C-alpha cells in the first residue's frame, strides 16, 4: 500500500461509524438529529426570515457532461400556447364549449410538464448509497444493492423528514474578505476552528455545517468546469474533526465538498472517509449567496436548517429546497 | 351563459385577488405568509417531532396515464453492480489500481442516477401557471407564457423559500370515524367550520390548511383510478370561505383537491376560482396518514408546516418534501 | 438437472453457433446474409411495391409496464403553437422582424422534439446482447459487458447495414383461415414445413422468416396483456430446424416470438437456445397485417426484406423501419 | 420588404408544390417516388454491397446544446452486471432456481434499455412539419397542428415505407480533391451540374440526391460547432433547380443541408423555400464517408437508396438506418 492509501486507511479506521447505530442502519450521522435538535433549531427562529439555499433547477445550471450528468430539462405535457390554439377542447364540458363559441374566447385550460434531471445535477444531498469502498457503502451495505431502478439500501429517501436541525454558517469567503477562495485551496480544521472562534459559535452534536467558499458566486452563469474542475473545498484532513464533533450534515457551495485536485492519490478521498465510513450527510451545490448577504446585515450565523430531500426511492441523491430560517 | 357558469363567474368575481399584491405579482396568497407567520409557526414547535407528508416518488405511484402523466422513473448513470464488474476503473488513480490488483478487491466506486418525473406525479404544489381561464392565469398573466421549456411567469419557483407557515390539520376522515370519505363526497364550509370548532382551532390569515379525506390510505398500493377518478374533495362552494379566511395554502391527500365528479358543468371549477383567481396555493397528493396516526396520539393539530417546493424554473408544479413540525 | 433443463441443454449443444464465425463474432446468423443474398433479394423486386412492416411508435402502443417498459413518448423542444404566440422571435433576423411587424404575421418558425422510448417498446430487433445464459451472451461474450450506458459487445449496431436479404412470409393465420392463432398455440416445425410446401417456397441459408400469427391484428388498440401475456408463437422445438436451415433472422407479429406460456420450466427458452446460442436475429412486434392483405391479392410470399436497425451504440434492441419490397 | 425577402418570396412562388398532390397531401416530393422508381432502384443492385449511411447514435454525437438538442442517451432497465449480482432472480422458474443453486452459476438473464434522443440529434429526416413560414407548414397545414405530443399533420411517419428510390451520390469533396469543402462554401447549381456531367449521371424525377461535403469527416469526434456553426452547404439559389428536376429527397453530411452563415438576411432560407414550399424531403447528418471510400474503388455513384424513417407519430424528424445498396 502506498503512503497515501495508508493515510486513507488510517482515517477510515479512525472515523468509521459503521455499526454505531446498529447493523441495519442507513441514516448515519443523521441519527444525531434528535428531538432536542429540532426544538433547539426552532428556538433559533427569532427574526422571522426564511432564506432559500437552493439554486434554480433548469437548463442553465452548472453541469457540463462530466460523469454523464446534464442540467435539468423540463418538457411539456400540455402547454399554454397549445391551449390557445385549441389543443385542449377535449377538457371542455358542454357548457364550456357553448361558452367558447358564444364568447369567442378560450375557456378552461392547463399547463403540465415533465422534469428530467440527474439527481446530482444541482443543489442536492448525496445519499449514503452514492459512494463505495471495497465493494461496500455506508455501514457495510453491499454495492450490489445500488442497481437497476434504484438502490435497495441507503437510498436518499432514508433522509426524508430527518434533516431539520441547527445550521451553522461558515462564510469563509466573507470572513477572508474575498469573493471566492482559490481553486485548490484546502480548508483545514484550523480554518474552521479559527472562524468559529471569531464568530463565537459552538459546534454541537447533530449540527449541520454550511460552508461557503464563494465558488458558486464566482462561477455562476459562466460555469465552465465548476462541475468536476479545480475547486476550493474541505481538506481530507478535516475528517477526524468532523467525526469527533458529531456533525450530522455538511453542505457547501461547491460541486463536491472536498478540495480539487485531491490531496492524495485517490479520487474524492473525503467521500471515502466521511460519506462512506462516518456516514456523514453531504450536501453539494448549495446556493449560499443570499444567506451571505443577509448574514452581513444581521450578524446571525446560526438558524433552523430545514433541508429534507425528496423521498425518491433508492436514489443516489435528491434535489432539495433547503431553507435557513432565522 | 348557463346557470352553472353564472355560478362560476359569480365566484370568480367574489374571490379574485388579481391586483391585490400589484399587477406583476406571481405569488398570490403565499404573500400572506408574513414574517410574523414564520415566527408563529416556529412557536408551534413544542414536542419536537418532524413528520414527513410526502409519498415515495417511484414507479409504484398513483399515476395511470391520465393526462399523459406517468409515475417517476429512476435510471442509472453509474451502478453498484457495474462497479463490481469493473465499469469504473477509469476513476482509479495509479495508487488505487495498484491496490485493486494487489488486494483482489474493487476500490473506489459510485452510484449515480437520473430522475424522470412529471412534476404533478406525486405529492406536489401546483404552480400559479398550472391553470388557465379565458386565456389567462393568476393575476392576468397570459397563458401564452406557459410554453416550451417552462412558463415565463407564475412558475413554481416563485413559491420556493416562501411556504413555511402555521399548518392546521383537518383530519376529516378520523373525525368522522371512517377510513375514508366516500368518492363524490363534497366537503362543505360547514364541515370545515364544524371540525375546527370541535378541535378548538382558529384559522388565521396566512395559514396552510391540510385536509385529510382518507382517500390515499384507501387506494394506496392498488391505485386504480385514484388519479382522475371519483374522489372526495372540497366543494366548489368553499371558495368564498377560503378567500375570506385568507388561507395561504391548502393541501389534501387526494389527486386534485376538489370533489370529483365535479359539481357543476365545468372541469375542476375550484381550480378556476381559487387557483386562478384567488391565487391560492394548491397542494395535492400529500401523504397525511402518518400525521393522522400521530395526531390521534398527541392531540396536536397545529404545527410548523415547512413545504418549500424545488425551484424548477417555470414548472407547472413541483415535488416537495413537506414536513409537519410539532 | 430436471428433464426440462436437460432438454434445454440438449438444444443448446445441438444448435450453438458459438465460434462458427470466429471467437470475436458479434453478428451470429446475420453473417449468413452474404453478397449473394443481397443480389437475390434485389432480384425479387418485380411488382414494385414497398410495404412497411413497422407499427406506429407512440403513446398508444402495446406496452403495459411489464419489465418496466413504457410506450414511446414524444416531448417538444419547440412547438407550432409556441411559435404562433411569439416564442421564437429569437430566430428572427432583422429583416424578418421588420416583416413580422409590417405584415402582422409570424415569419419563420420550427417544430422540434425529443423521443423517449424503451428500445423494446415496439417493432424491434433484439440485439445479441439482449439475453444471457450462465453469465454469457451470444458467442461467449460476458454479461458483464451489458452495463451502464450500453453493452460493450453484441450491441444492436452490429446489425446495422446488414439485415437486407430475401424475406419469406409465413402467414399462418391466413393459411389457417383464422383471424389469429390462439394464445398458447405453439407453432411447430411441421406447421412451418407444411406451410412452405403448400406455398411452394424453399428456405435457403441467409433468409429472413417472417411469421404472422394474427396476434397483433387481434389485440391492436386494445392491447391488454399483448406484452408478456399468453400468445401464440414458435415452439422451442423448432430450434434445431431454424439452426439447420441456417435462417438469418426471424420476425413475428407477437411480443416475444415464442409461445407463451412457455413449454418447459424456463422463461423464454427459445431465446436461450436460438438468440443466445444459435445467434439468430430476433424481430418482435412486426406489423404484418398490410403485408397479409397484399399477399392475398398478389400471391407473392417472397421479397426483398430491408430491415436495418438504427446503430444505437450498445443497445439491447432497436426500433426499425422494416420493409417488404416486392 | 427588403431585397433579401423579395428574393425569398420570389423563390417561394417559383418553387411551391402546394396543392400539386391535392389539398390534404403530407408527402410532398416523396410522391414522386413511384412504383417505377422502386423497380429502377432495384435494378441498380449489381455488385451486391450494402453500405450504411447512418452515424452512431450515442453520447459521443455532434450535438452541443444548440436549439436545446442533446446527444442520444441510453439508460438501462435491466443490466448484465445487475443480473450477475442477483437482480433478476424473479425471472427464474423453480427449475432455474434449483439449477442456480446446484451449479453456483447464474442462469437466465437479460439486458434492456431506454433511448432518449432528440429526433434531430443525428442522421435524420426532417418531417414536413419541421419548419413554418407565415404560420403554415408544407401544403398549408397550420403550424398550430405541431403541438403537444406530436404534430397532427405532416409528421415524419408519412414518409415511412416511402423513401426507397434511386440514389445519386454527389461526392463533391472527393471530386474537388479536398478533405472537406470550407465552412461558408455555398454549393451552386453549376457545381451540381458540372459534377453530374463529369460523372455522366442523369438526374431523373423521384431521385434522391446524396451530397457529401466532407464536413462530417473533418469534424468527427471533435464536433465543436458542427451543429449550427459555419458549414458548407447548398446555396439558396439551388432551390429552382431542385424543384425543376423533381428531386424527391436530398441528404447531406452536414447539420442543416444549406450553407451557413446564411446567404440572405433570413435563418435557413432554403428550408423555407424547399422544405416548406417545394415539400422536398431533407436528410441531415448522413454519414457518407464509407460510401465515399467505396465509390472511389468501384466508381459507382448510383444505387438503391433505402432510407425509410421510423413511424414516430407526429415527430419533427426521425432517426433512420439509411442504406446505399449497389
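Note that the chains are named A, B, C and D in the order they appear, and that numbering of residues resets to 1 at the start of each chain.
Everything below uses one rule, namely that a contact is a pair of C-beta atoms (placed from the backbone, for glycine too) under 8 Å apart; a residue touches a chain by one contact, two chains touch by 3 or more.
Since this is a predicted model, take the numbers as computed values, not measurements.
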Answer with same or different: of all residue numbers used at the interface between subunit C and subunit D, are over half used by both copies? same
Whole-Å gap between the CA centroids of subunit B and subunit D: 44
Rounded to a whole Å, what is the gap between the Cα centroids of subunit A and subunit B? 22
Check: subunit D positions touching at least 2 other chains come out as 59, 68, 73, 76-82, 84-85, 87, 114, 116, 144, 147-149
Testing understanding: with touching defined as stated, what is the shape of the graph linking the protein chains, line, ring, star, complete or other? complete
Counting only contacts in the complex, subunit C reaches subunit D at residues 1-2, 4-5, 35-36, 38-39, 41-43, 45-52, 54-60, 67-69, 72-74, 76-81, 83-84, 91-96, 98-99, 102-103, 105-120, 129-135, 137, 142-151, 157, 160-162, 164, 264-268, 272, 304, 306, 308-317, 319-321, 323, 325
Mind listing the subunit B positions that touch subunit C in their complex? 59, 68, 70, 73, 76-79, 81-82, 85-87, 116, 144, 147-149
Taking the complex as given, what residues does subunit A use to touch subunit C? 68, 75-76, 79-82, 84-85, 87, 114, 149
